[in-house]
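Quick heads-up: structures coming right below.
What follows is a pair of complexes built around subunit A, which joins subunit B in one and subunit C in the other.
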Partner chain A sequence: MNKPRGKKIDVVSAVTVALIIAAVLAPMPIAGQTYLIQVLVLILIFATLAQAWNLLAGYAGQPSLGHAALFGSGAYTLALLTFYVDFFRYNPWPAIFIGGFIASMVGLAVGALCFRLRGPYFALATLAITEVIRLIVANTDFTQGALGVTVPTPPKVETPLFTIDFAEKLPYYYIALAIMLVSAYVVYAVSKSRYGLMLQSIRDDEDATASLGVNTFRLKMMAMFISAFMAGAAGALYAVFISYIDPSLDPGGVLTLFTSIDPILMTIIGGVGTIIGPIIGAAIKVGLGEYLRVTFGWKAGLDLVVFGAIFMVIFFVARRGIWGVVKTVTREGWGPVKADLLKLLGR
Partner chain B sequence: MTLLEVKELSKHFGGVVALDGVNIKVDKGELVGIIGPNGAGKTTLYNCVTGFYPPTSGRVFFDGKDVTGLPSHRLCRMGMARTFQIPRPFMSMTLLENVMVGALGVGMSLREAREKAKEIVSFLKLEEQANKPISKLNFNYRRRCELARALATNPKLLMLDETFAGLNPSEIDEMVKLVRKIHESGVTIMLTEHVMKVVMSLAERIVVLHQGRVIVEGSPKEVVNDSRVVEAYLGQRIFV
Partner chain C sequence: MPFELALVNAVNGVILGSIYATIAMGMSLIFGVMGIKNLAHGDFAMLGMFTSFWLWSLFNVDPLISIPVTFALFFILGMAITKLIFKHIVGEMMGSIILTFGLSIFIENVAQALWGGDYRWIPVSYGVYKLGPLSMDGKYLVAFSLTIALIVLTQLFLAKTKVGIAIRAVTQDPEAAESLGINVDRIRLVGGGLGIALAGCGGAILALIFYIYPYVGILLTLYALIITVLGGLGNVLGAFFGGLIIGIAQSVATIQVPSALAPAVGFAIFVLALLFRPQGLFGKR
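Take a look at the complex of A and B:
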C-alpha cells in the first residue's frame, strides 16, 4: 500500500521539476517574438492572482469577489512609489514586496469587516468594498484620480557579465515566473501544513470547526494576509510591466470587477483547491482569450461570444475543473466524472 | 467538585422562550442525562452553554470560571467538547483527517495530531474506516467520527447531543458501550436523549427539561416514576 504511494509522489515531483525547467527554457525558441512573450508574462501574473484567490476561496472556502482591490493595491503602491519617490523610479523592484505588504494590510481590513459574513454575503461585501476603493482612487488627487499613473520603464541593469534591458519583455518573464512559482509553493506548503486541514475544515463547516477549538476568524485572516500579499505582488508587477494603470471601469482596469472575476474563472476552469489548477486556468483564459481575439477580431465582440461558449462547454464537461478531473480520474477512474455528466443530463 | 454550573440560564428567540431560568450542575466524573420531549430546549441549552448562542440572561461556569458568552473555540480549548445532533463531518476529508482537526484545533502539531487521531480511532474501533473519505461512510460511522473528533480535543466535559438518534438497535448497543468506555477513561459526560431506555441504562443522574424548564432531577428510577415526567411525555391524564 505504501510503496506505490511513494512512487507516485516521485512521479509528481519529477513532472514538476520537468515543467519548471520547461518554463525556464520556454522563451528561448520564441525570444524575438515580443507578443508571445507578453502573453506568457500575463499568464504568469494572472496565474499568481488566481493562486491567491485559490488559497482564500479554494482552500479556506471564502469566495472573495474583491481580489481586484488587492491586485489594485499592489499595482497602485508600486505606481505611486515610482511617481513620488526617486529611489523607486530607478529601482522599482523592492516596491513589488511593498505592494504585496500594502495589499495584505488592505486585505486584513477587508477581512476584519467581511469575515463576519458567510458565503454569498461575504462575496458581495468584498465586491462592495472593492468598488468603494476604486471610487476613492478615482477621485483622489494623491492617486492622480482618473488620469491614472504612468510607471517609467526601469533602467537597464548592466554588469560585466550580462545586461538586463527592461525595455524588452523577457526579463519580466523570469520575474513573473519566479513570483508565480513562489506563490504556488506557498499555497502548497500551507495546504500541507497544520493550517491546511483547518482551512479545509472551515470550508466544509465553519461552526463545527470552531467547536473543535479552532479560532476560525484568525485562521481566515491568516489566509487573507497570504492571499493578499500574493495578489498585491502580482498587481505591482503588472503595473511596472504594463507601465500604466488607472481606476477606469474598462476591462483592463486594475480595480474593476473584471480583475476580480478573472482569477475566479481561471481557478474554476483549472480546478479549485488544487495547486496546478489556477496555472492551467490562467494559461487557458489568457492564452485562449488572445488567440480568439486575433482570430475573431474582425467582428466586435465575436471573440467573447466564442469564449463564453467554450467556457460553458468546459463547465459542463469538467465540473471539477480540468486538473480536478485529471486528479479524480487517476485516483478513482472515470466513474465520478461520468456520474457528474449523467447528473447534468438529468439522469 | 463541580465542573459545569448553569445558573438561571434563559434564552429567548423573539417572543419564544426556549430556556426559562435553567439551573444545572454537573460534577467531575459524572454521567448526566438531559431528557425531555422534542422542543423542550435541550439543543438550545447546548448551544448556549457551548458558545453558539449568547444567552439572554443567566450565567455559565466551567471549571470554576465564568464562561458566559465565550466563543466556542475558547470553550473547547478549556476542555468543553460537543457533538451535533445531526452529524456535521468535514465532507472533503477522510475520517482520520476529521479527527485530526480536533487535535489540531487545540494546538497540536501535525505529527502529534496524527498520532492522537490514530489513538482515538482505535479506541473507538474505527481503524478499518480511518482512511476512507467520510462522504463514503454511513450515518453510524459519521456519528462515531463526531465522537472521535470531539475526543481528540482532550475534553474534560463531553457534551453529546442525541448521539443515539437514527441508529439501529445493534448500533445503539455499540454506541452505549463506547460512551461507557469514554466515561470510564475519566471524561465527564453530559448527554441529551429523547429515547428514555438508553438514558436509563447509561446515566447516573437525569435532568428532565420541559418547555424550557427543569421539571425534575434525580436518579433514573426516581425520574421514571415521577408523575410530572409522565405528564410531560404522555400528556395529562384525562378521566372520562
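Take a look at the complex of A and C:
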C-alpha cells in the first residue's frame, strides 16, 4: 500500500526538480530577446501574486477582492523608499522585503476589519478598502498623487568575478524566479502542515471548525500575513522592474480592481487550491495577453475583446481549471470532464 | 455661503445618487433572482450611455425620447445575456465574479475598439430653473424626474403585477417558488432582462449629466456594488436608499475634502456599514 504512493511522490519531485532546472536554464538560448524575457518576468511576478491569492482563497476559503491593495503597498513601499531615501536608490533590493512586510501590515489591518464577514461580504469589503486606499494614494502629495512614482534603474553590481547589469532584463528573471519558487514552496509547506489542514477545514465549514476549538480568526490572520507578504514582495519587484507605478483606476494601475482580479483569473484558469495552478494560469493569462496585444495591436482594445471572449470560453470549458482537469483525468478518466461539457452543450 | 453650497451639493448628491440607485437596483434584481454578482453591470450602463449618445448624434433623437428605446433594447439584450451566460452560473459566488469580469473586459473593449477612448457628452439644454436661492440646470431636473419615474414604475411592477410578485418569490426562495408552480427559468429570464434594462436606462439618464467614455463602466460597477450591499443584497428598494446615502455623502464630502477624494467617503461608509450591519442597512437577518 505504501510503496506505490512513495513511488508517485518520487516521480512528482523528480518532475519538479526537472522543471526548476529547466526554468533556471530557460533564458540561456533566448537571452538576447529582451521582449521574451520581459514577458517571462511578468509571468513569474504575477504567478507569485496569484499564489498569494491562492493561499488565502483557494486554501483558506477567503475570496479576497483586495489583493491589489497588498500588491500596491509593496510596490509603493519600494518606489517611495527609492524616491525619498538615498540608500535605497543605490540598493533597492532590501526594499522588496520591506515591501512585503508593509503589505503584511496592511493585510493584517484589512483582515482585522474584514475577517468577521463571510463570503461575498468579505470579498466586497476588501474591494471597498482597496478603493479607499487607492483614492488616498492618488490624492496625497507624499505618494506623488496621480502622477505616480518613477523608480530609477538600480546601479550595476560589479564584483571581480562577474557584473550584474540591471538595465538588462535577465537579472530580474532570476530574482522573480526565486521569489516565485519560494512562494510556491511556502504555500506547499503550509498546505501540508497542521495549519494548512485547519485552513482547509475553515474553507469547507468555518462554524464546524470553530466548534472544534480552533481559533479561526487567528488562523485566517496568519494566512493573510503570509499571503500579503508574498503579494507585497511581488509588487515591490514589479515596481523596480516596470520602473513606474501609478494609482489610476484603469488597467495598469497597481491599486486598481484589475490588479485584484488578475490573480483570481489566473488561479481559476489554472486550478484553485493547487500549487501548480496559479503558475499555469499566470503563464496563460500574461502570455496570451501579450500575444494578443502584439497580434491585434493595430486597434486599441481589440486584443482585450478577444481576450475576454477566450477567457469566457476557457471558463466554461474548464470549470475546474486546467490543472484541475489534468488531475481529474489522471485520477478518474475522462468521464467527469465529458459530463461537464455535455451538461454545458445539452442545455 | 457655506450653507447654500452644502444645499446645492446635497441636491446634486440626491440626483446623482438616485441615478446610481437605478443602476444598482438592476444589479440587486439580478443578484436576487440568480445569485449572480454582475461585475459587468456598469458596462451595460456604459452601453446605455453610448446608446443615448449615438441616437442623439446620428439621428438627432432627444435623450428624453431615446430612453424608452434604450429600455426595450436592453431588456432584450439582458434576456439574451441571461440565456447565454447567466443561467450557467446561477448561485455561484466566485464563478459569477470571474465570468462577469471576463464579460466586462469584453464589453468595455468592444466599446473602446469601436468608438475610441475619447470623453464625450451630449450638449442638450433644458434651460435653467430657479428654486428659491438655488439655480438648477434643467438637465439635472429632467434626469431626476426620469429616475424617479423609473424607480416608481419598477417598484409598482415588482409589487403589483403577477410577474413582479413571482420575481420577488424567486428572490426569497427559488425552490419554494418552483413548487408553487412558478416557472423559475422564465422568471430569471425576465429578471435578468429587467436588471440589464435598468442598468442601460440608468446609463442613458446619466449620459445627460456625465462624461461618456468606455472605461466609465468599472466606476459604475463599483458604485452599484457598494449601493447594492448597503441596501441589502437582493433588496431592490434598499438599493434606492443606499444610492441616496452614497450620492449625498460623496457630494457633501466635496466641501471638506478634495473632490477627487470624495468617493473614498462613500467606500468608507460602506465598510463601516458592513461591519456593524453585515446584512445591509435595510436588510433583515
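To be clear about the criterion, the second predicted complex is superposed on the first by the 343 of 347 C-alpha atoms of A that agree within 3 Å, B and C clash if a C-alpha of one lies under 4 Å from a C-alpha of the other, contacts with A are read in each partner's own complex, and residues count from 1 in each chain.
Going forward, a residue touches a chain if its C-beta (ideal position, glycine included) is under 8 Å from a C-beta of that chain, and two chains touch if they have at least 3 such contacts.
Note that this is a predicted model, so its numbers are computed, not measured.
Output check: A:G308 vs subunit B and subunit C. Expected answer is one of first, second, both, neither. What do you get?
Once the two structures are laid over each other on A, A:G308 reaches subunit C alone.
Have a look at where A:A138 lands relative to subunit B and subunit C in the superposition and call it first, second, both or neither.
second
Touching A:R116 in the superposition: subunit B (first), subunit C (second), both, neither?
second
Which partner chains sit in contact with A:Y238 here, subunit B, subunit C, both or neither? Use first/second/both/neither.
neither
Of subunit B and subunit C, which one contacts the greater number of residues in subunit A?
Looking at subunit B versus subunit C, the one contacting more residues of subunit A is C.
Tell me which partner A:N215 touches in the superposition: subunit B (first), subunit C (second), both or neither.
Touch partner of A:N215: subunit B, not subunit C.
Just to be sure I read the superposition right, which of the two partners does A:S193 touch: subunit B = first, subunit C = second, or both, or neither?
The answer is first: A:S193 touches subunit B but not subunit C.
For A:A128, decide between first (touching subunit B), second (touching subunit C), both and neither.
Only subunit C is touched by A:A128; subunit B is not.
Where on subunit A do subunit B and subunit C both make contact?
Common interface on subunit A, subunit B vs subunit C: nothing in common.
Could you list, by residue number, the parts of subunit A that touch subunit B in their complex?
Going by the criterion above, the answer is residues 193-194, 197-198, 200-201, 203-205, 207-216.
So in the complex, the part of subunit A that touches subunit C is made up of which residues?
57, 63, 65, 113, 116-117, 119-121, 123-125, 127-129, 131-132, 135-136, 138-139, 146, 249-250, 257-258, 261, 264-265, 268, 272, 299-305, 307-309, 311-312, 315-316, 319, 344, 347
Would you mind writing out the residues of subunit C in touch with subunit A in their complex?
37, 85, 87-88, 93-95, 97-99, 101-113, 116-117, 214-215, 218-219, 222, 225-226, 229, 233, 258, 260-261, 263-264, 267-268, 270-271, 274-275, 278
For a test of understanding, state which residues of subunit B touch subunit A in their complex under the given definition.
50, 52, 71-73, 76-77, 81-82, 84, 88-93, 97-98, 100-102, 104-110, 113, 149-150, 152-153
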